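Just below sit the structures, each encoded as structure tokens.
Each of the next two complexes has chain A plus one more chain, namely chain B in the first and chain C in the second.
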Partner chain A sequence: MATIHIEDVSKNFGTFHALKNIFLSAEDKEFTALLGPSGSGKTTLLRTVAGLEQASSGRISIGAMRVDNLAPKDRHLAMVFQNYAVFPHMTVADNISFGLKTKGALKEYIAEHTQRTAALLHIEDVLHKYPNKLSGGQRQRVSVARALAVQPQVLLMDEPLSNLDALLRLEMRSELKALLKKSETTTLYVTHDQIEAMSMADKIAVMNNGEIMQYGPPEEIYFKPKHEFVARFIGSPPMNLFTVQTLKTVNKKTFAVINNDIAFVIEASLKTKIQENFDACGVLVGIRPEQLSFKGSASHAKTFADASTIQSEVLTIEQLGSNTLLVLKSNEILFRVMEKYGIKIDLNDRVTFGYQPNQLSWFGKDSGMHIEA
Partner chain B sequence: MKELNKVMPYLLLAPSVVFLVFFFFSPFVETFFIAFKNAEGGYGLHSFRKMYDDLNFFVALKNTIFLLFAVVPLQLVLAVWMSLTLRKIKKFRGAILYIWTIPLGISDLAAGIIWLSILTERGYLNTIFLNLGFIEKPELWLSYEHPLLLFAAVAIAEIWRSLALVLLIIIAGLQLIPKEYDEAADVFGAGAFRKLFRVTLPLLKPSIQSALILRSILALEVFAVAVAIGGTNLPVLASEAYNWMANYLDYGVASAYALVLLALSIISTLGYLFFLRTPADAA
Partner chain C sequence: MRKKAILYYGLGIFFCLSVLLPIYFLIVLSVSGRDAVYAWPKIFYVANLDWSMFRFFFEVEGVTRAMFNSVLVASLTVVFAIGLGTPAAYALARYNFFGKNFYRIAILFTRAFPVAILALPLTVRFINLGIYDTIWAVVIVHTALALPFSILIQSNLFQSVPKELEEAAWLLGCTKLQAFFKIMLPICMPSVAATAIFAFIISWNEVFAAAVLTVKNRTLTAFLISQISESPLFFQITGSFFLVIPTLFFIFIVRKYLFSLWGITNK
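On to the complex of A and B.
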């Protein structure tokens, strides 16, 4: 049983606030991804859990044990470092067994377990080689094997795949996912790659400027961003965000008007909240590129009678294999749409796109916070 | 243009090669010939015979080698300990390092004289001991009556004088080791002892090797400090070589001493290269 509880942890480097009031609770055997742009504090948070950095304030517990005053070696965790940190003066076997030896395991157990872990990571053939004779991918495997060999309750990984080439990364990603599932460790996994986080994690903590912007399951992060930052950061291409110019009511329906061509209908339940926010500091409305669907060419100017559609001109068309990415332009506003391959559209066409009003995301313009009913 | 590019490196190297040939290689070859030259003009082991029969030879050889064993290992241990400690300190690190390395800027003769002024009959040590009442009258520490004290004084002065050199090499070496190895050792449960002997020292081996080679050669050549503190009471190989040259005007025996020093240097260097080698496939 190893849960990880991070309560109100802050970390300052001098006057710089690298972590600000972090709360995070990982359940036993759960895989949590720390996702965020470079410099957002992911590594610092991971190192603070490992005990390689001392938190400036707050509490960290692993299982029932409070660990924030313990040395790294007393926290019973394992770590995979971003640049592997595989000991160059030891053979692969000695590297893998390092943690077992420090724990004083029996010789026979060490030998057998080293062999077994190496087999798990397909490096049993290089056990007697030194790391500098290995490829980057193999070194990565040694680093993971060294961590898994101690059968840790908590496993910390700092961008473990970022130094691998694209193909190897894909292969290692699914392999790692299966391995971790089997090993039943509670995992904190740092990455700046959202696809990695989306595909591997049970929960994602999106970080920015030392804060956790949103913490939840991948679908929630993707479809219900709690903050404008998350909406802009997640998804490739990311969510389209429009600044609402005015609110206008026609035939008992309220529209958020962006310009002459674009107006989004507001669900009744959100009407008052959006109005309040709009009056206070302005509102942003967002929709994901794949949530806009092609409705044909626009034959007439948009009227408020055609609810749930917007109009624009086609600026660029990019074929991405199975998908087609369109960049659309209406006056000076640009936005993106992702369509299935084969859509019949030409450059400069005037087109209509439909959307589901309940798929729109609304954010306060200054706060960036999601507007809830 | 292409031609010039080919010759250029050699042209640039030429001055240093000329310098080495004139001021290093030619005296070296000459020493070699002088050592093997007989009085009659032929060649043989005459000078070595004379050196071997010299009463001081084995004393000097013993003193030199004992000094090597007393000074170099202790310096290495101290340097490693000091640099590891320095790494942990946050405040005044620069200032402390600066103070530690001051002896580097002091000539060996000056270092010998500094320690002489401490240990001589009317020196600082006696003054302090007298004032504290440890002794009745000034003691003659540095005399043939206290050979061990004399040896210890020279050893301490040598350690103090050239510790900085070893320290700098070790500190530079430590800085080359990425801190992740240290952290990996921490995370995987290594205690201080295991971390030092299984991770830090093995990773530091190349620097330790350079420090030992350099420092041992210098220790074998110990001269000014031994003469300043010990006078004629603590002969070492280098001081004997000087004696035979300057006082007995016998260049042959002086050269023989020099060749013995050379042989010892080569042996110690080869020893370090062998015993501290990196396994071929880990290099």
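On to the complex of A and C.
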């Protein structure tokens, strides 16, 4: 049973706060992705769990054991480094068996297990080669094999796929996922690639500036961002966010008015909260590009009676294979819509889009916090 | 373009010859016998091999002893320069400690004072310590000369090895010491060996301290410096041979080691 509990961990480098009060609890065999832009503290968090950095404060436990004062070697975890860190002076076989040897496993077991791990990663043909004779992808496999060979309860991976080319990355992603499922390790996986995180992880911790902005399953991160930062960071293209100019009530419905053409209807349950926030510091409203649906050309000027539609002009049209990305312009406001391939639309058309009011996300403008009912 | 190439090659050949020709003559003459040394015009190749000059050289009283001393002093210098220098270099490369930058500069300061200035106070101190005219006095000074190079070269070397390699070893169950011996040292071995040989050469070539600090227990350089001016030409030639050739030989080895650094051989 290898759970990982990180409680209130902070890490300072001098006066710089690299990690701020991190809480994270990974269950046994769970795959957690640490996702965030470069410099957000992902590597630092991983290294702190590994014992390569000493936390400035807080507790880290693996299983029932508190580990934050243990040396790296006593934490019984394995790590895959971003630059692979394959030992250059050893053959692939010696690299893979290194951990087993230092832990004093039996010779026959080492030989057999090295073979098996190599086969798992499809590098059994290069066992006797030195790393400088291998391709980047093969080196990557060696570093994963070396980590898995010790059958760690906890596996830490720091952007393991970021140095591979796109095709290899895709292939390795699905392979890794299957492999980790089979090996039953609890995994902390650092990445700045949201698709990687979305497709592989049971849970995602979105990090920014040394803080965890949101921690939860991928769907929750995607559809219910708790913070403006998460809304802007996740999704490609990311969520459209509009600054609400005024709140206006027409026919007992309250609208968040962005400009003359765009206004979003506010669900009754959120009305008071949004009003409070709006009065205090302003409100942002967000909707994902694929949640806006094309309703045809705008035949008449918008009235508030048409709830759940917005209007604007088409600025650019990008064909992305099965999808079409539209950039729309309404006065000075730009936003994006993702549509299925084949919609009939031309540049500078004036068009209408529909949305579902319950898919809107509302954020306090200064705090960035999600506004809940 | 062509003219430039000719100029470069011309200069290259000139400099190579100016270094290699004397060495070539040295080798040719030292194995050609006494007559060849005094013959005129000088020979350009070995007509008939004659080892008599070497035989004579080793029969001169004190030569074997001095050579033995030289090997011993140089070897001990290597032991201390590596034994003390490697941990210091590692500390400089991997740890942040109070006064680190000052320490780095202080290491260089040990080379700021010419041995000539230090010779007298050292002699007095070594007499007091009772190690004057022993190889230990020479070993101490030679170690002091070789250490700065050993530390600074190796610390740059260790710094160039990614930290993650050692960290990976720690996580796979190694203590820091084990990781150093299993990962860092093997990776750096060619260059550490080169550093060791460099220390050997520093000691083998050093003459001033060795001559001042010893009277009877001389190293080969110190021994020859006191003999050579009063010796016949053929003896000078053999003496020069033993001063120059081991150094060249070792530098040759260093070169081989440096080129066999991981990866470089593939190019």
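By our rule, the second predicted complex is superposed on the first by the 373 of 373 C-alpha atoms of A that agree within 3 Å, B and C clash if a C-alpha of one lies under 4 Å from a C-alpha of the other, contacts with A are read in each partner's own complex, and residues count from 1 in each chain.
Rule of thumb we're sticking to: a contact is a pair of C-beta atoms (placed from the backbone, for glycine too) under 8 Å apart; a residue touches a chain by one contact, two chains touch by 3 or more.
Worth saying up front: this structure is predicted, and the values here are computed from it rather than measured.
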item	value
Simultaneous placement of chain C and chain B on chain A, clash or fit	clash
Touching partner for A:Asn331 - first (chain B), second (chain C), both, neither	neither
Which superposed partner A:Gln356 touches (first chain B, second chain C, both, neither)	neither
Which of chain B and chain C A:Lys103 touches, first, second, both or neither	both
Chain B versus chain C as contact partner of A:Lys129, first or second or both or neither	first
First (chain B), second (chain C), both or neither touched by A:Met79	both
Residues on chain A lying within both footprints (that of chain B and that of chain C)	50, 52, 71-73, 77-79, 81, 83, 85, 87-89, 98-99, 102-103, 132, 146, 150
Of all residues in chain A, those that touch chain B in their complex	50-52, 71-73, 77-79, 81, 83, 85, 87-89, 98-99, 102-103, 129-130, 132-133, 146, 150
Residues of chain C touching chain A in the complex	162, 164-165, 167-175, 178, 182-183, 186-187, 262-263, 266
Footprint of chain C on chain A - complex, ascending	50, 52, 71-73, 75, 77-79, 81, 83, 85, 87-89, 98-99, 102-103, 132, 146, 150
Residue numbers on chain B that touch chain A, as the complex places them	178, 180-181, 183-191, 194, 198-199, 202-203, 205, 278-279, 281-283
